[in-house]
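Labels run A, B, C, D, E and F following the written order; every chain starts at residue 1.
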Amino acid sequence: MDTNLLKAILASFLREDIGRGDLTSESIFTPDEIGTAHLVARESFVAAGAARLAAQVFAIQNSAVVTEHAVADGTQVDSGKLLLTVTGPVIDLLKAERVALNLLQRISGIATYTALFVEKVKNYPARICDTRKTTPGLRMIEKYGVVAGGGSNHRFNLADGVLIKDNHIAACGSIAKAVAKVRDKVPHTLRLEVETDTLNQVRECLDCGVDIIMLDNMSVKQMAEAVEIIAGSVIVEASGGIGLANVEEIAKTGVDFISIGALTHSAPACDIGMDWSVSTR
Amino acid sequence: MDTNLLKAILASFLREDIGRGDLTSESIFTPDEIGTAHLVARESFVAAGAARLAAQVFAIQNSAVVTEHAVADGTQVDSGKLLLTVTGPVIDLLKAERVALNLLQRISGIATYTALFVEKVKNYPARICDTRKTTPGLRMIEKYGVVAGGGSNHRFNLADGVLIKDNHIAACGSIAKAVAKVRDKVPHTLRLEVETDTLNQVRECLDCGVDIIMLDNMSVKQMAEAVEIIAGSVIVEASGGIGLANVEEIAKTGVDFISIGALTHSAPACDIGMDWSVSTR
Amino acid sequence: MDTNLLKAILASFLREDIGRGDLTSESIFTPDEIGTAHLVARESFVAAGAARLAAQVFAIQNSAVVTEHAVADGTQVDSGKLLLTVTGPVIDLLKAERVALNLLQRISGIATYTALFVEKVKNYPARICDTRKTTPGLRMIEKYGVVAGGGSNHRFNLADGVLIKDNHIAACGSIAKAVAKVRDKVPHTLRLEVETDTLNQVRECLDCGVDIIMLDNMSVKQMAEAVEIIAGSVIVEASGGIGLANVEEIAKTGVDFISIGALTHSAPACDIGMDWSVSTR
Amino acid sequence: MDTNLLKAILASFLREDIGRGDLTSESIFTPDEIGTAHLVARESFVAAGAARLAAQVFAIQNSAVVTEHAVADGTQVDSGKLLLTVTGPVIDLLKAERVALNLLQRISGIATYTALFVEKVKNYPARICDTRKTTPGLRMIEKYGVVAGGGSNHRFNLADGVLIKDNHIAACGSIAKAVAKVRDKVPHTLRLEVETDTLNQVRECLDCGVDIIMLDNMSVKQMAEAVEIIAGSVIVEASGGIGLANVEEIAKTGVDFISIGALTHSAPACDIGMDWSVSTR
Amino acid sequence: MDTNLLKAILASFLREDIGRGDLTSESIFTPDEIGTAHLVARESFVAAGAARLAAQVFAIQNSAVVTEHAVADGTQVDSGKLLLTVTGPVIDLLKAERVALNLLQRISGIATYTALFVEKVKNYPARICDTRKTTPGLRMIEKYGVVAGGGSNHRFNLADGVLIKDNHIAACGSIAKAVAKVRDKVPHTLRLEVETDTLNQVRECLDCGVDIIMLDNMSVKQMAEAVEIIAGSVIVEASGGIGLANVEEIAKTGVDFISIGALTHSAPACDIGMDWSVSTR
Amino acid sequence: MDTNLLKAILASFLREDIGRGDLTSESIFTPDEIGTAHLVARESFVAAGAARLAAQVFAIQNSAVVTEHAVADGTQVDSGKLLLTVTGPVIDLLKAERVALNLLQRISGIATYTALFVEKVKNYPARICDTRKTTPGLRMIEKYGVVAGGGSNHRFNLADGVLIKDNHIAACGSIAKAVAKVRDKVPHTLRLEVETDTLNQVRECLDCGVDIIMLDNMSVKQMAEAVEIIAGSVIVEASGGIGLANVEEIAKTGVDFISIGALTHSAPACDIGMDWSVSTR
């Protein structure tokens, strides 16, 4: 994540939550009242974003805020664990609190959920990866959470990856024709991925220079056959209907990547609180 | 939701997902190839956002896209139900597909989850409402989902509502002092809410012109006592640790509002697909 | 006013006045020529914005500018009074001068004009407040000036306050129906205000849970009767055609708030100059 | 005024006033309820902005709004005169009303005030022009009002005009040196103006290729002498402390331009109302 | 190129050239004076951007402008050839003229220059591609010109392609270590490219799963040896110091891609004029 | 160039090149690895932009980057000359490298090309100036390069200069009518320029208060006659078809300005490299 881009995104989140000001806090506190607050885990989870997201949110609200003790991304924490300490004007800590917590809870939730999948497949070469099923506006940040949880990223958007789907194939007449058409027009720095529903389609792919074959919504048995057919000649990615219950048996088939939309659209948020020790300078 | 503001937000979501273009689709389709696609429920849920969100996303991508059959917000739909039909250039339908689905799935999820709570309390006067625990960048849209599910909205941000919390009270010395300080400075068009942890605090509030008393993390027994003490003189809002399991007994205490962060931070996404019937003009 | 939002607004004002650069000053001064200038009152008025607006404008133009001696908001100053001292690169002081002065003159003008009204009603409980008749683009800043002058703020925009007017009532059939319809849909954190033209409408309001009754363009006699009818049960706001000539007799009727569009649309600007003591580092 | 730039500015004004929506109107009206409203003069003035500003505001809020009968800029109207008729969704007419009126009242106010000055000098060649003492964010629009009132525009910002002031002169050592330094660096498409306080400075200007001499805060007698000295060789602009009381005698001196900050910072707003004839489609 | 993103970019170009308006044309033409103009080649070249860039510029300035006869991208045209006809308000044609021409001249220049290289290597499998040496702000548009001239695109930016250079290798200790480190962290949808200066480095690459080997600033002889060593196992890209004089002999070595910064930083602009046939409606 | 405006432009260039991050460098370097790099001339040229553009680019990417030894604008440098040294986090130096080089190469190219023209006319009073034929988005920066090369600037955009062309004249019926119409409406701070094709048009201009006469695409003989006719009464600008081959004979005619589009649209980029001395803190 580029810092300048991230700052712009986080600033827009603060703007949404603060509007033209915090009526309550600005009525009560003066800008020179200083406080310290601690972001603390209220349950067990894999932390993500303490330094890169939460601490940044406070710093953007007021560059005079000092942040310390940010727990490292990917750390498994227990309830009560200190995740971040922030010291600065009380008004600004209060203004930034909600955005910082909302982000930390969600992104730690994604890291935690990803880690569960990663753990399930740890004895297999398969890597867990995300999809484009992210929350609109949060793609970069949510994909950061996936990596923090031990997963890896699929393409970021429609412009930095090629995925030929059924519509594209139908429009061209065959996988080979679609692949030829696309290969000719996209940067050679990108791999070319094709979504397949059948073993025949898998075989078609092998004949026409595809770099990645996605096995979409196949049964585990089909996947195993596909992996055998492909025999290591190209990258294999399993996708569709994959959950904690079946991810291990899918990994067992020998696929290289398992892409899971639920990592970002269904990860439960973690419980994190902000404890205060306000003082006056 | 103001349409112009909404359009700007949705356009930024499309920009995130499309980047500088859809390399795959732009390589295969010409702008004059027209198709029709149907957004269809893949499970049962309360629909929200077909017309205001999903249809708008397609229209923003290309104003030539025609949308029809948008199911009304708040409709309980079964698997297989048509939610929206879109007809237009295939390239643009493909570009807008992911953002439209991501939004529809999440906001319908929020409506569905809210409706579960609303159903639980239907025999009581209590209304279910949201909090500021929304996804950064999506507050307006997520709060729209809460209303679609039969809930109501709490304040939108720190600038359009007043909520005096423990920090504020501590800084002023007493609830009465905090209330006086704030009342003097904020628009008279806003109600003044105070967060209370104890019945003594509830009593303090009654003496100083508070408009809404929030009962924060109280036991059901405490809440019942608080409602009795307040006796209808001001609005009562229950908050903290409320789920489907205990919401009904909380409603039974007679509180006016029950605010629940989980409506927006923990609602599971609904399963919605996009079925195609591509054709060439 | 949130500092980050304010900075963005002030930066846009500088951009408007500076364009791609100050052709004259950049031709003559080098960036290392330092100067000091004093913003000084050229007449008597109530100062507002020296620290929060004028000093910020200079700091945004160049963070190396040092500002001192900002007179406190709400201070009554006489001609010759130093309002702010700025020291920094001459080029940047010259670039920021016009925007800083334009703002300080206008906002001090609003504070001064507001203070005149506040003084007139000082023996009555009524508070003077503003309206949405502000200069487009300057609402937050102008409302800040009203508070600096001792007034208070009405709602900020259409989204953070509810005001049911004749059109709304006509569309619903009655005040009671309009109130019911709105109450059901807006956050409970907002008070509900209704604009009334007659005493009958005032009575209607009392029966249906209105929080604030606006007496719009009523005669002083009517207002007095309305106040008697309302008898302290809800907040009363006088509005329409109110000036320095009649504000006191309106306050005498016992209304709680007097809202005056002229505070922001007709306050004369104050005369403020910038005196230089340029020196070379 | 370029239409695209203007639209962006007007849209930002609507965003400020509407926020995330009109809570009241959106609770009561559906998007298909159509109404007609008439913007009507409530006093006599010179109208400006009915077509270019007010009508545009409504069109930006919703392109389905139809506007008619816009009175031409510069028209002297009496109380009761129809300035603009708007027909469209009631919700959008209500949302755009305040911004449209605020602009129309202010810009017509500027046109009216300018016209008073223009009338005073109608028997002399002098033209009335504005300054940079405009409301931050409204410069383009306010300068449009000056032209509508019969005045003309001075430079728009620091980048499209050259004005050498006392600071610049002091830094260079003499007017001649300052002029030489600036002339060498700025586009030859711009005239070069120098601010003078004394007749000696006027004489200095004549020797060094100045295009416009500003007579700043001079007495009428001094101005007359300056005009005689200059004898038509360059453009002469009077500035500083000019009001309706003395503008004619200044014009009598033979100056070419009279620049007046009050045109934009002190023009009283005009009284304009919006009368409704709501109907349902 | 996504149309919405492109429109935003083109609109910013118009804003730069028009500022707050076209003082000259707005003084002379009324908005209802219609004209027709023809963009015509003044020399021979490969056209690019008539429909996607120039026509769009006019349409953005005023959606009422009708554009016709856009010559197809990649067409070799002779002097006198009509490239585009535009009909609409004269004011808007004049406002958009310069931006439309500047773009068309530059992008056609890039297409023309690219086509020269493509022609040189037409008997070899090598494809000509661009680099990141584009004009800041114009990358998407310039890369569009490269494709129009028959070339192909390298990565768009630092986020959608991986290129391991000497610094990266030095920091890791070896190519193998650098590749391992990067491969683990970037999406599997991207190919991994390594810049090599020596044949030893080329051999190192073959052992560690590199997808593309860049031969940077090698002699033609070295390149030929590298191609032989690589023997078709991965993609080979020649780069550095390549011009029209030596591109053919480089293609002859059998490399797959030849990347040339000069395509975008040194292509001479084409001469294109705009001929008018103004008429009044 | 105003620093704040420039920073915003440069930041957008970085955003274009970096996207959401530098996948390669962020995979390899940690933020605390510090390096030093030297921007060095690889050929002879006139340097422009080392301090104002390149150094700023690095500082915007990370304010912790220290820049030193920026060669002064307009300096004639030989191959090997150090232009700028930058020290800071390696990640940020790598991220900013390409934008900094692209700008420095182009703007130095413009300065160098301009200096060639300036040298050709050094024995004549004529000044070399630019046009609006700049790269879209880079006008301010490219015009800065022209000045660094010893040239001067023509108007910046359509709003800060007046140029009456054949279309305008045709629409009005005569030069005199066009001039009268425009003069009446534009700020008196702007000179009025008219484009002429014939000596008759030149004579027409002299009768109607034109400030600058552009001799467009005239032969050298015609230009000489025009200069004689004008006889120093107004500024004379030669334009159209001017290159290094004929600029001196045009200067010899006595024109005051020679405007050349090629300065910005056809200046070859200079060769500049970035040499590294990476170290770990």
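FYI, a contact is a pair of C-beta atoms (placed from the backbone, for glycine too) under 8 Å apart; a residue touches a chain by one contact, two chains touch by 3 or more.
For clarity, every value in this text was computed on a predicted model and none was experimentally measured.
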Least hop count linking chain C to chain F through chains in contact: 1
Each chain counted as touching chain D and chain E at once: B, F
Longest centre-to-centre distance from chain E, chain (CA-based): C
From the options A-B, D-E or C-F, the pair that copies E-F, where over half of the contact pairs coincide: A-B
Euclidean distance of C-alpha centroids - chain A vs chain E, Å: 32
Centroid distance [mean C-alpha coordinates] between chain F and chain B, Å: 52
Whole-Å gap separating chain A and chain C, where each centre is the average of the chain's CA atoms: 44
Sequence positions of chain E contacting 2 or more other chains: 2, 18-22, 95, 156, 159-163, 184-186, 190
Chain contact topology (line, ring, star, complete or other): other
Chain-to-chain touches, reported pairwise for every pair that qualifies: A-B, A-C, A-E, A-F, B-C, B-D, B-E, C-D, C-F, D-E, D-F, E-F
Residue numbers on chain A that touch chain C, as the complex places them: 11, 14-15, 18-22, 60-62, 95
In the complex with chain B, residue positions of chain E that touch it: 1-5, 140, 156
Residue ranges of chain C touching chain B (in the complex, touch as defined): 2, 127, 129, 147, 152-156, 159-163, 184-191, 193, 211-212, 235, 237, 256-257
Interface residues, chain B side, partner chain A - complex: 12-13, 16-29, 33, 35, 90, 94-95, 98-99, 102-103, 105-106, 132-139, 156-168, 170-172, 178, 181-182, 184-186, 190, 265-266, 268-269, 276, 278
